[in-house]
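The same chain A turns up in both complexes below, where it pairs with chain B and then with chain C.
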Partner chain A sequence: MNSLPADRRRRKYFLSNVYFLFLAVPVIIFLVFVAYMVFYLFRNGINVISWEFITRPPERGMTAGGILPCIVGTLYVTLVSLIFSIPIGVFAAIYLAEYAPNNLLTRMIRSAVRSLAGIPSIVYGLFGVALFVRGVHLGLSVLASGLTLGLMNLPWIIATAEEALSSIPGSFREGALAVGATKWEAIRHNVLPFAFPGILTGILLALARTMGETAPILFTGVTYFTRELPRSPLQKFMALPYHLFALATQHDQLMKARPIAFGTAAVLLILVLMFDGVAFLLRMRIATANKWQV
Partner chain B sequence: MEKGRIEIQQLNLWFGTNHVLRDISLSIPARSVTAIMGPSGCGKSTLLRCINRMNDLISDTRITGRILIDGRDIFSPETDVIELRKRVGMVFQKPNPFPKSIFENIAFGIRIHRLAHGRELKERVERALRQANLWEEVKDRLHDNAFSLSGGQQQRLCLARCLAVEPEIILLDEPASALDPHSTARLEELIIQLKNEYTIVIVTHNMQQAARVSDYCAFVMLGELVEFNRTEKVFTNPNDRRTEDFLGGKFG
Partner chain C sequence: MKRRRIADRGVRVLFSVNAVLAAAVLLGILIFLLAYGIRAFIPAGAVDPEDPSTQPLTLGGFLFGASWNPDAYGQPEYGIVPLLLGSLITTVLALLIAIPMGIAGAVFIAERLRGGVRVAVKMAVELFAGFPSVVIGFFGLLVLGPALARVFNVPSGLNVLNASVLLALMSLPTIISVSDDALRVVPHSYREAAYALGASPWTTAIRVILPAARSGILAAVMLGFGRAVGETMAVLMVAGNAPIIPRSLFDPVRTITTTIAIELGESAFNSIHFFALFALGFILFLIALFTNLIAEALIRREKRSFTL
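Up next, the complex of A and B:
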């Protein structure tokens, strides 16, 4: 057992601990930053948040009142973007993962999707102006912003859904085909249900990102102030991230608007965390039903 | 002609430029067990997967020659691949149950072919599980996940899944290679039971297994059919030197 001399053994264990520290320290640094950020936001924002704050429009030049139009606006554009990007994204992913032949064109499409996911959101914003605001005359509106955000989401949803589909073992498909299922039946019954948690995670992460994006909505429909909630998808709207930006940097009485800015940031963060939480819970429930993963 | 007979005529198969099966002609009798044995990589699994056209899934495959089942060419354009795979069931090397309940695993094929529903569906599931000698072990937990079964049980479940759509022919691709000796013995017993009703083709690299379960035995090497005969004949008095060497353990 004690083939190594005592000093060599001590050295081995010492080194092992050093490596552990090397790997643990970055995690700890990262956690400290995130925890501090969340703590700082909530400490400054939590006093502002009240029932009135989330159910009333802004008042007195946005130094008082609530942020209801921003919450509604953000949820509205996010909804529009997902209605657009979920079906297209998931179908495209099914095509790429299950049907597309493995040739140069497919590989090019696949890498194009990956590159599109990395394009800065401001570029999507400008593209949205050209295509949706001007091109198809949607004007500055919820619809134009939602579609722009949807376009930005699309590569994310395609990439994560394709990943989820490819992670399902080929034997599930073979087993179904061998009893005489058609390709679609095999996918429908023995691939999609098991890829669902992965697809859902991609969608919810895209959703969380969409809610926080400012650049794509900046030129396509968001507005500094409107008292009314958007009734039709062709109206302008207020949104949380833009409201935060405006209050923090554009307001003429910055100090007076500051508490509301913190409150807005906290609400945005809570919304995002809520959806992440839902994603987490859904995954847990589905993963325990799909035993093959463990 | 007797139902369930498989006639392979001058079959050649290429994956890309790789000539995997060379001019194979073989006549597999109905209601018997035919073993295809040979060293690994000889093309025996590929040959098996021609019979239910599972090779269709691999791109860049080229096939010449014919396979007749009940006198009809399975490669002809009139052949419905779905119908073919319903008649020619397959069990794979690694048990591949679906990650669903035991019941749903069996019901899947019955449902997609709309063979039964309601009470009759339940009866058919039970019948398939009984045929696979699995009913007694799982009857109280039909709604448990199939992954909770042991490897041997999973493989019998896969066999039941294939029996549930009432095939005429069953293809077994090294079905015992992932199983322990006890489960293997149970599976072999089952194969022998089933041959009265089905044409069974089993691929194996285990020659003792071929000797134990099969009536006819084909020996394939480097994509060529070296020998095909009654199993006793192949094992006691092979025609070809290469078969003798293989059985004698000179390579494998």
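Up next, the complex of A and C:
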């Protein structure tokens, strides 16, 4: 069988396991670093968070009061971005997964969408300035920022939705087609309901990442301070990530603003982790519920 | 019957239009950046010979100029070299940390972790990929900066090293996830063949699985590069941002992304400065696009090599 004597074979496998332990080191370093970051931010931020902190506007030059306008602004602009990107993204994904023939045009569309996902967020910011703020005269506004963010998260939504649709077996479609359904009826009744949780997962992940983005809104509508909550989508707004950036680096009394900065970081992180967490739970449920995936 | 057929056609058109629209965004970005950027070289407005700030740039001066100083009194300078070098230095240093860590980590995760532990580790990696970059920058500013200043006994921890460490951290999830995928699509037959020849699990992983996945791992490195070179906010918060060519790890550095973020707000609309920042954006766009296309070609090549 094996030409090596038993003790040398044992030694070989023992060494093999030892070598693998070395590979665990970078993973452990990474996890410790991330864990410490989360611990540090929450330790310093959690005491700042109170009912007043999340329901009151800033006071005394951002050294007291709360961050309500930032929370509202972030949720508002994220919502606008998704209203724009969900229909376009899901429709595009249905086309790519269900209809697209395997030809040059399809390959170009896929390649373009994948490339979009790799374009730096600051470049989306420039594009937003050129197209939305100046081109169609939306000015610095929730709408301009929301559309810019929507363009940015569009490729993420397409990618996850297409994956969700492609994971539904062909037999689901064939079953409907065999009893006389049109292609759209087959997709609508036998594919979309089953792909829905996967599509929703992608939307939640996009939502979480969009909330934390700063560069695309920097020049398209976010502002350091406004007295009122945005009433119309054509107003400027405050946002959590920009608030954190401004308090951490731009404020004239950095130390006085620090507790608010920690609180803002903690609130932002909680929101992001919350949506990411729901997305993960959903994905795990899909993995266990979809028995057809062997 | 007829109505059903029309509905079927209608939705098909609707979906295809949206797909084309989504892809057209890439073209739109390209066109807008080009149209705005080019006006730094060919101004649409009047050029006042007395006012140096209205003088159009030369392409040579932009691409090869060794100084970026738009606010200089008298003669503003728009040389991209220090910014490009700033981006490349921080990114390359970040990858020097992230590539070995990422590949080693991916081999460990792909070869050694199973079940719940694997899910937990992958989840942590993916959660961190979604961390807002301002939050990571905030941590770099308050924790990593002072720590680096103390350890290396330098006056400020806001420098090349800090930016590179944060960028390494931020590109790690990309490198780990994509490498892990690449390692896991290597067919079982490779592993079985190696075991049949008496190779240990370690030898199999390093000499058989890893080389077989090299295209995909190279793609992971390219995507990690793209992530790092395009990062703005975290670098902005920890890099010190002086537009000079850094001489050591402890010098401040200014990248292409941070220059756009710092200066777009203070440049006047339609000024040469404003359009020059779009030209910077165009360069960044090209770097990101080519990085992505190479990564995509590599991933395609790996998939093809296993489907013979």
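The rule is short, and it goes like this: the second predicted complex is superposed on the first by the 262 of 294 C-alpha atoms of A that agree within 3 Å, B and C clash if a C-alpha of one lies under 4 Å from a C-alpha of the other, contacts with A are read in each partner's own complex, and residues count from 1 in each chain.
Note that contacts are C-beta pairs under 8 Å (C-beta built on N, C-alpha and C of every residue); 3 or more make two chains touch, one makes a residue touch a chain.
Owing to the predicted nature of the structure, the values given are computational and were not obtained by experimental measurement.
In the superposed pair of complexes, A:Phe33 makes contact with chain C only, with no contact to chain B. With both structures placed on the common chain, the touch criterion links A:Pro101 to chain B but leaves chain C unconnected.
Residue contacts after overlaying the shared chain place A:Ala64 against neither chain B nor chain C. Once the two complexes are laid over each other on the shared chain, residue contacts for A:Leu282 go to neither chain B nor chain C. Contacts of A:Phe172 after superposition: chain B is touched, whereas chain C is not reached.
After overlaying the two complexes on the shared chain, residue contacts for A:Glu185 are found with chain B and with chain C alike.
When both complexes are overlaid on chain A, the residue A:Val129 reaches chain C alone and has no touch with chain B.
Note on chain A: of its two partners chain C and chain B, the one contacting more of its residues is C.
In the superposition on chain A, the residues of chain A contacting both chain B and chain C are 182, 185. Residues 2-4, 12-13, 15-17, 19-20, 22-27, 29-31, 33-34, 37, 40-41, 87-89, 91-92, 94-96, 98-100, 108-109, 111-127, 129-131, 134-135, 151, 154-155, 158, 182-185, 205, 208-209, 211-215, 218-219, 241-242, 244-245, 248-249, 261, 265, 268-269, 272-273, 276, 280, 284 of chain A are the ones that touch chain C when the two sit in their complex. Residues 101-102, 169, 171-172, 174-182, 185, 189-190, 194, 290-292 of chain A are the ones that touch chain B when the two sit in their complex. Residues of chain B that touch chain A in their complex: 52, 54, 57, 59, 82-86, 89-90, 92, 94, 96-99, 108-109, 112-113, 145, 147-148, 158, 161-162, 164-165. Within the complex formed with chain A, the residues of chain C that make contact are 4-5, 7-8, 11-12, 14-29, 32-33, 35-36, 100-102, 104-105, 107-109, 111-112, 119, 121, 123-128, 130-139, 141-143, 169, 172, 176, 198, 200-203, 205, 223, 226, 229-233, 236-237, 257, 260-261, 264-265, 269, 277-278, 281, 284-285, 288-289, 291-293, 295-296.
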